[in-house]
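Both complexes below contain chain A, partnered by chain B and then by chain C.
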Partner chain A sequence: MLETITKALRDYKDDQELAVTEQTTFEELELDSLDVVELAMKLEEELSVTIEMSDDIKSVGDLLRVLQAA
Partner chain B sequence: MIKTPVTELIGIEHPVFQGGMAWISDAVLAAAVSNAGGLGIIASGNATAQYVSEQIKKAKTLTAKPFGVNIMLTSPHAEAVAQVVAEEAVSVVTTGAGNPAKFMKLWAGAGVKVIPVVASTALAKLAQRNGAAAVIAEGCESGGHIGELTTMALVPQVCDVVSIPVIAAGGIADGRGVAAAFMLGASGVQAGTRFLVAKECGVHRNYKDKIIAAKDIDTIATGKRLGHPVRSLKTAFSREYYAKEISGSVADEDLEEFGIGALRLAAVEGDVKKGCFPAGQISGLVTKEQSAKEIVEELVAGAEAVLGVATRYCV
Partner chain C sequence: MTLKITGTGKGIPQKSVSNDELSKFLDTSDEWITTRTGIKSRHICTHETLTDLCAEAAMQAIGKAGISTCEVDLIICSTIAGDFRTPSLACCVAERIGASCPAFDINAACTGFIYSLEVASSLLASGKYGSILIICAEKMSAHLDWTQRDTCVLFGDGASACVVANGNALRYLNIRATPDVSMLYAANGVGNSPYDTTGARKGYVKMRGQDVFRFAVNAAETEISGAMAALGITAEQIDTIILHQANKRIIEATIAKLGQPKERFPMNIDRYGNISSVSIPLMLHDMLECGMIKRGETLFMAAFGAGLTAGSCVMVWE
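Presenting the complex of A and B:
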């Protein structure tokens, strides 16, 4: 799952070298709340799941956990 | 008369919302707009639940028509205000600065129609999925907190991804703007700056005078560096803020600190030096103080006139 998120992030940022860990925050990636919603909805579509979107999704790890719980 | 899915949805005469402006939109202004056939909206901003409760009760004594409450989701009192809105069974709640998902069930149970303000298509889709009755697509021409996209670009793109009604906001202050919003696919509009100078608006006289005197290029967007840009009138405060913002030597915390309380200073004290005066790019079109009724009627009549000749270039 982390690989899927990493790929989505690299595509989104158009940077295939982008370093991503569970601890990476979206702020560090210079992504704002609109970007996070956009990204999460792309992942929902790709993984055919529906997640509980919340303002508490601040890091890659946060997104990973809500996707795993979906 | 202009009848749209928005007038049907809310049970109002005209598809015109008055924007919820923190420290500005109170019960008196909201009730005046609702009595004029539009939808008045009380702004909760960072106010306490008790203040919002009092304003709702007051509005109910001033109008029997539907009105709304705007909740800024980043407010420390958002949870308590959300509860008050449900308890008082307010007709409409509009939300800004976040995702209202966690309150949707509470409001649905109380029969409150939820209309989030959205700044992107993804947020609009999310709002629809969570049960929103409509969305307000607000472009960055508007005053206060803004997104990246303009109304012209945002509204049609939002209309294409949702099936619920879309209300356009940002840069609308006369009938031409209302008609243009309909052409973009919206079925309602929200105006803030135009209603700020309404006779029933209790904001400080200096604020109204500054809006009335403003030209097209008199607003500036600041705060992007902190992630929450705000459009306001160019003043001593906003120029200094902007200088600090682009200066590499001012820390984010200090910039944040500099902005605290500036909105209250503008709206309540009328402090033209230290106050922050949120205003839309359309301020130049706002040239006189009128009653809420006159404003609503002008917006609608103006739109009807423009829409009536909308096909004149079609051959």
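Presenting the complex of A and C:
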């Protein structure tokens, strides 16, 4: 699942070398709240799941846990 | 469906408020607002009432339609709150412009223009009315908490109007609602009733921004797909796609999803902000004034807003 998020992030940022770990925050990637929801929408489409958005999703790891629970 | 637009108009407050001006009393900046919304400035009422703005828009639309005020058979106002709780804003406008026809308000939030078209087209088809004046008007500045940078920077005030009559321009019309109050709302005041136990919320606009974004992008895409399927046309056959001007990022995300050229999606949110149901007819008016819409061109218009409401229409311009 981390690989899926990493690929989505690299596509979204148009940077295939982008370094991504669970600890990476969206702020570090210069993504704001609307970028995060747009990323989530792409993942929803790809994985056929519904992601519950919340202000607590601040890092790749946070998004990973929400996806695993979906 | 028997409807065409015969005249348009607008009434915009004089004062334009820039992002820099807002940053004098809010923890924000032009860069922060522009990046997240596409908004550079918005018009805000100072001395103007909604009735003032509506009357200006209405008289322009009536003039463009080539009729007189006494030939208006019905006035429909789309607003979330007029100048008074009662009478309706439509009646206030009727008095101001000297009309004596029936007049009433509807509230479908940002989708109000599309809902108004649904009502008007049905009433035109009934044969009872010949010319209907639709006015969309909002004083959003009255419903905002001006200490909250997440919401108060997004909205503006204004009015836009159009006269509709029998015609063949309208080819498709769809309205819908998916009820979800908590995503986007502005509560009414509760007065001072000693019996009230609801603990009602203050009357400011509240929203879950990320959820609204997702709803809006999905709604726009669904509406466009629905219209194309119903009419058996492709996106390439639509000349102009006017989306509700809520946030530039919503429009850009929709463009990306549809894979269509951005030139087909006009935007005016940079100078008006989000004026709820006013935004689509305002765009229509400004484009007509600039000669950007020509007879025979196909227009798609879609809106989405509190309720949650959504809707769209397709017109082949006459």
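The rule is short, and it goes like this: the second predicted complex is superposed on the first by the 70 of 70 C-alpha atoms of A that agree within 3 Å, B and C clash if a C-alpha of one lies under 4 Å from a C-alpha of the other, contacts with A are read in each partner's own complex, and residues count from 1 in each chain.
Keep this in mind: contacts are C-beta pairs under 8 Å (C-beta built on N, C-alpha and C of every residue); 3 or more make two chains touch, one makes a residue touch a chain.
Because the structure is predicted, anything quoted here is derived from the model rather than measured.
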Would you sort A:53 into first (chain B), second (chain C), both or neither based on which partner it touches? both
Check whether A:37 is in contact with chain B, with chain C, with both or with neither, and answer first, second, both or neither. both
Where on chain A do the contacts with chain B and the contacts with chain C coincide? 32-34, 37-38, 41, 53
Complex interface listing, chain A residues touching chain C: 32-34, 36-38, 40-41, 53
For chain A, which residues count as touching chain B in their complex? 32-34, 37-38, 41, 50, 52-55
In the complex, chain B residues that touch chain A: 73, 98-99, 101-102, 119-120, 122-123, 125-126, 129, 147-148, 227
So in the complex, the part of chain C that touches chain A is made up of which residues? 35-36, 208-211, 213-214, 217-218, 247, 249, 253
